[in-house]
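Next come two complexes built around chain A: one with chain B, the other with chain C.
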Partner chain A sequence: MWIEIAHFSTLIALMLAGLMLIAPWIGLRWQRMVWIRVARQAAFMICALLTLASAGLIASFLKHDFSVQYVAEHASLKLPVFYLATAMWGGHEGSLLLWAWMLSLFVAIAAWKHWNTHPVSMPWVLSINGGLLLGFLLLVVFLSSPFERLLSPPPDGRDLNPLLQDPGMVFHPPFLYMGYVGFAIPYAFAMAALITSQGDSEWILATRRWTLFSWAMLTIGIVFGAYWAYYELGWGGYWAWDPVENASFMPWLTGLAFLHSVMVQERRRMFKTWNLFLIITTFALSLLGTFLVRSGVLSSVHAFATDPGRGVYILMFMSALLLFSFGLLTAKSDQLRETPKLESPWSKEFSFLINNLFLVAGACTVLLGTLYPLAVETLSTAKVSVGAPYYNKVFIPIMLGMLALMGLGPLIPWQRASLAKLRQEFLPAGIIGLIGMLVAPLVGVTHPSGAIATGLILFVGATHLKDLLRNIKTRMSRESLSAPGAFLRLVTRNKRRYGGMLVHLGTLVMVAGFVGSGLFQEERDLFLAKGDSMRIGSWSLTLESMDKTARRNWQADEAVIRAERPGEATLMLRPQKRVYSEHSQPTTEAAIHSSWREDLYVVLGDGVKDGVWAFRIYRTPLVSWIWIGSGIMVVGVFWAMLQGRRLQRRAD
Partner chain B sequence: MRHFPPLLLLAWLLAMPGPALAELRGEDPTEAMVRHIAKDLRCAVCQNQSVYESNSDLAKDMLNVIRAKVAAGEQETAIRDYFFQRYGDYIYLEPTTQGMNTLLWSAPFIGLGIGGLALWLAMRQWRKRANENVKPVPTHAAMQERIQKELDQLRM
Partner chain C sequence: MNGLWKIVLLGAVMAILLLFALGLKNDPREIPSPLVNRPANDFTAPALEGDQPVQLSAHRGKWVLVNFWGSWCVSCVAEHPYLIELAKQTKNRSDFVMLGVDFRDNPDSARTFLARHGNPGYPHAQDPTQKIAIDWGVYGAPESYLVDPKGTIRMKHTGPLFPGWFEQRALPLMQGEVK
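Moving on to the complex of A and B:
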């Protein structure tokens, strides 16, 4: 019953999406405003209908309706309610519906918020989003439907993949999708600006919050995924350069490039075409991320062949989007032709361009590494792997260049800087960084990229601090304020700038986490029997006992390990090896003791013989800095989002 | 306890459960080498995991093969070759630097170089343009008059 409601409302939404695509054209062609209002109402209706459809699918899960194929494949009677309610995005079909639902929600918000402020763009924004919704809903309804009934329903479902029965995995997809989907709005505004030939900065100002929001959501989604991989997969790491991860990382990089380069357009009215190119690319990569991950194309060519219909449709949809977007950009390039003038390479404008160069080169590297195995496999019979070692050697140097640029950010002026001025600005910070780089190997950071990163962290930190202190001093003397008062005034008056600085600070904290966890991780593989002890770092670990434990849909072997360290309270760690009732493959539940200095991470392996068990133990310094840094980053983005439009007016 | 005869002490110790018998376990000395090799070999049935990190049965078997070979004193290159013979290039997580792969390794840096060069050349142009003296365009007399008139109106 619920599933039929969901199915029918999706069908109606599909038809309304078609209407939304066409109605604005009719309205503009025959000058009938009513048709544009029709498209707007369609946007609201689609949002309501897809909300109902998603609710219907979730209800089918909650009611254990195993006559629905999708429910039977991704849930079971024993599955806890929390995972039942969120199993909707546990598989390909449901997550495409989630995507479409989120898109409809964002489109409705855009149609509501920007209706009065952007009357010229609005018909096109509606039409383009109608096309996107139509494309997605066609896929949901005809090629990967979560609404299929089974003729003979099984008594119990096949259960959700145990790896997904975890809070991290529950929140990871919605945030990631919010990021992906969010870029659809700036994309549509950009296309509307191109179509109506008002390709100036209006669309950038209109969508500034959308891009910031989407980028923040993408960040949260990626970090949730990394955190989940860290504590659920039991391999002591958090990022494997897996094609799935890479797919979400690419739009993040190009989106970041966009966030920087739009500032040049706002301030100097330059690089319009480049910004359009970046937003199109970012959205296209978001789509690529959704499609390729969920259809399994990236993992193997063969998965593609198992469902040719879906694969071909996805390819066609992507090609249509790319042809339309870049075709339009080329067609309109004459009107966009501009004659940029830059006074000096020693300027903020030019530093943003180099920033873009590094970020786009980074994104291309990830794309190359991700698609290369696919290309080799298609073009020849050979198979190659491109794994983490490749990215560590190629991508990290590029990002170190990026980090160095970050240090220039706050201190380099717009337009032009004299060399003497630059020397005065950067010499102290440069010396601090250089000293850090030289001292680092002496205190154990012997790996070249570790030493360089350490120096750069200090350099960037110093330039940011210098900028902050100087601005506080100026305010103190100009407005006769106390230091904290001046600081508060500063960060609340210019939220965008200081939000950005906070993002930079978060990045530094994260980089420290990457250096610590990437270069100084210690591992031990050994066998322990009851009563045995081992040492790692300053910790001494003793296996106290081996227990058995069980919950509703799993049972587990559990080791009880006492961890001690001089001058600290004793800890009990309980790593598990779980077997879920509907699945044969056991999963590991690592026991993690996290602190700001280091994480102690214990994984229970196989039982070898009477009472002897294999253990893998990691000591990973600074890994929690990655989570903290990303938190700071997200707070920074939201702070920047609070900035109204006052700043841009003043800049004009 | 000092008065206990040694034998009794031993018996007492043996009877005590758990920690008193504790043995400090260290890692097998060859394990670091095993890890070093296993981290760069792909688990052949996994999506993107090394033999060391994967939980699959095949990965465990492969890990045991590596353990046995390291224990038998085989060199790293010999062990890597052994897997290469069976699986080909696919087994190395770090792609080799031969043949087509040279493109894979060099393309990012070539791209960065070309991009940098293009930016530099463009910069020279933009700079030239910015530094050119902007010459005032001579305005037509009638136009001048009209501008003046409108300005006057504005001032009212």
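Moving on to the complex of A and C:
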């Protein structure tokens, strides 16, 4: 019964989405305000209906209703209740419903929040989102319906893919989707600005929090994915430049470029066309992400649910959207006047411009690497894959360049700086960075990019610290506050700026993690019998025993390994090889001991002969810095979001 | 935006869309095998049903479809109805036989599988230790190989065979339309 309610609500939502698409047109064409209000009510209704639909699908899972095909394919009687509820997005059909539901939720919030403040844009924002919802719901209802019934229901379902039975994977898709979908709102505002030829700052103000939110969600989603890959796939890495990983990374890069370049538009009324281009591209890349995962044009580790038939539809949908958006952008861009010009290369504007070029070049690099295998395969018969070496070669320099620019950020002034002033501002930080770069090889960071990164981390840290200390001092003397008081006043009064600084700090922590884990990972493949020992780093590991263990829907071989190092408590590590009862493919459960210094990571391989097992052991320095850094970044973004939408007039 | 940028932007968008449109025809499951156009590894193994062992080379002179499967494999369930249909459809062909290789499995579960999902009627070799599967470079299930009358592997299909596979993929090869 639940699934019929879900199906029926989705059908009504589909029709309302059609209404939401056309009602604003009618309202504007014949000057009937009531039609625009109808579209707004439709937005609320769609949100309620899709909430009901999603609840219905989840209820079918919780009730083990295997007469629903989607439930039968992604759940089983033994599946723990947590995964049962989240299996909703374990496959293609349900995750599309999740997409649509999130979009409807965001649209409803936008229709509620911006109704009074953005009367000119709102009809178009509603109409464009109505179109998006219509497109997605058509897909959900007609091409990949999660509501199909089975004529003869199986007694038990096929269970959720074991790789997905993991908290990291449970949260990875919804966060990623929140990021993807969140960009739909800024996108719609940007299109509204183009349609109404009001490319000025109105849309930027409306969308600031949306873009920050979406970008933060995307960051969380990507990091969850990386973390999942790190401990669930058992290969000791966190990023593989897989096409689908790349698909989420590209909008992240362009979204980040947008977050920086809007500041230039707010302050200096520049980069108007460029900002529209960036946000349209970001949303287009988000859709591309959906398309890449779901169409099967690229083979990837994420090929959990691919179907070329739906690919055709998504492609048509995407073509319509891209041609409409970029077509409108090229047609209307000439009407956007950019009054001020760049005055000097020694200015904040210019550094933002270069930052944008780096980020967009990064996105293009990833796009090329992702599409190249597809192009080769399509235009010839060969199969190629572009691997990590290509990306590392191109991406590391871009990342270092961005780091260098990040160091300029806080100290370089708007409009124009005198060279003498710059020298005075940057000389100390530059010297600190240079010393760091020279000392790094002496402490073991011999790889050139590692040494440069170390120097840059110090340089960026120094400029940020200098800026912070100077502002604290100003506040202290101006408002006669104590140092902590001034610091508090500073970061609470200008949340946006200091949120941004916190994001930069998180980035530095992350980069340190990349350098440590990327350059200094130690890896050993070896066979151990009971009682055998080995050494890695300062650790000594001994295989104590091999056990069998089981839970509700899996059983596993489990190794018990004693890890010791001088002056520290002994650890017991228990890596497993699991076989889930409904699946043949064993999954690895790596045993990981994490500390701020390094991770010890043990993977159990196959049994070779009696009592001898294969192991793969990694020692990865600083890998936890990546997770911590990303956490700092997200906190920073949320801090920046707390600031209202008023333009800041003066530099603080 | 000046004219050049407009052309570049729209051109890039069109090119990417075109690439996807063409790319949709690619089958991500078609993975080239180094064993294609090499002599197939012969095998003789006990049959799942009956006492007569299953031997590949006994079928020299005919096209042989060798289908690797197991009762543990989810996609094999999806593929099974087509195998039954194909066996029925090609029963009277003198130039084509089908063989199954049940690998990494125990015979009882395999027989239960056939009893539950229907028995297509052709012989199945038992390969519990995956010896045959490893020799043939199988890395998933189901996987199917088409062996020509001289004993050379001519095609590999990863994943379930789909309705129409025989007409679209196998027949052209068998009739020599595809080199």
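The working rule: the second predicted complex is superposed on the first by the 632 of 652 C-alpha atoms of A that agree within 3 Å, B and C clash if a C-alpha of one lies under 4 Å from a C-alpha of the other, contacts with A are read in each partner's own complex, and residues count from 1 in each chain.
Simple rule for what comes next: a contact is a pair of C-beta atoms (placed from the backbone, for glycine too) under 8 Å apart; a residue touches a chain by one contact, two chains touch by 3 or more.
These figures come from a predicted structure and were not determined experimentally.
Taken together in the superposed arrangement on chain A, chain B and chain C fit without clashing. In the superposed pair of complexes, A:428 makes contact with neither chain B nor chain C.
Set against each other, chain B and chain C differ in how many residues of chain A they touch, and the higher count belongs to B. Of the two partner chains, neither chain B nor chain C is touched by A:611.
Contacts of A:80 after superposition: neither chain B nor chain C is touched. In the superposition on chain A, A:235 makes contact with chain B only, not with chain C.
When both complexes are overlaid on chain A, the residue A:154 reaches neither chain B nor chain C. By the touch criterion defined above, A:444 reaches neither chain B nor chain C.
With both structures placed on the common chain, the touch criterion links A:119 to neither chain B nor chain C. Once both structures are fitted onto chain A, a short way to say it is that chain B and chain C open up an angle of 70° at chain A, using Cα centres and rounding to the nearest 10. Taking every C-alpha atom of chain B against every C-alpha atom of chain C, the smallest gap after superposition is 5 Å. The contact surfaces that chain B and chain C form on chain A in the two complexes overlap at residues 299, 383. Across the complex, chain A is touched by residues 17-28, 31, 34-35, 40, 42, 47-50, 53, 55, 60, 88-95, 100-101, 104-105, 107-109, 111-112, 115-116, 119-120, 123, 126-127, 129-131 of chain B. The touching residues of chain C, counted against chain A in their complex, run 1, 6, 9-10, 13-14, 16-17, 19-29, 31-32, 70, 72-74, 104, 141. The part of chain A that touches chain C in the complex is made up of residues 158, 273, 277, 291, 295-299, 303, 306, 308, 311-312, 315, 318-319, 322-323, 326-327, 329-330, 333-334, 371, 374-375, 377-379, 383, 582-584.
Only residues 234-235, 237, 240-244, 299, 339-345, 350, 353-354, 357-358, 360-361, 364-365, 368-369, 372, 376, 382-390, 393-395, 398, 523-528, 530-535, 542, 544, 585-588, 606 of chain A touch chain B when the two sit together in their complex.
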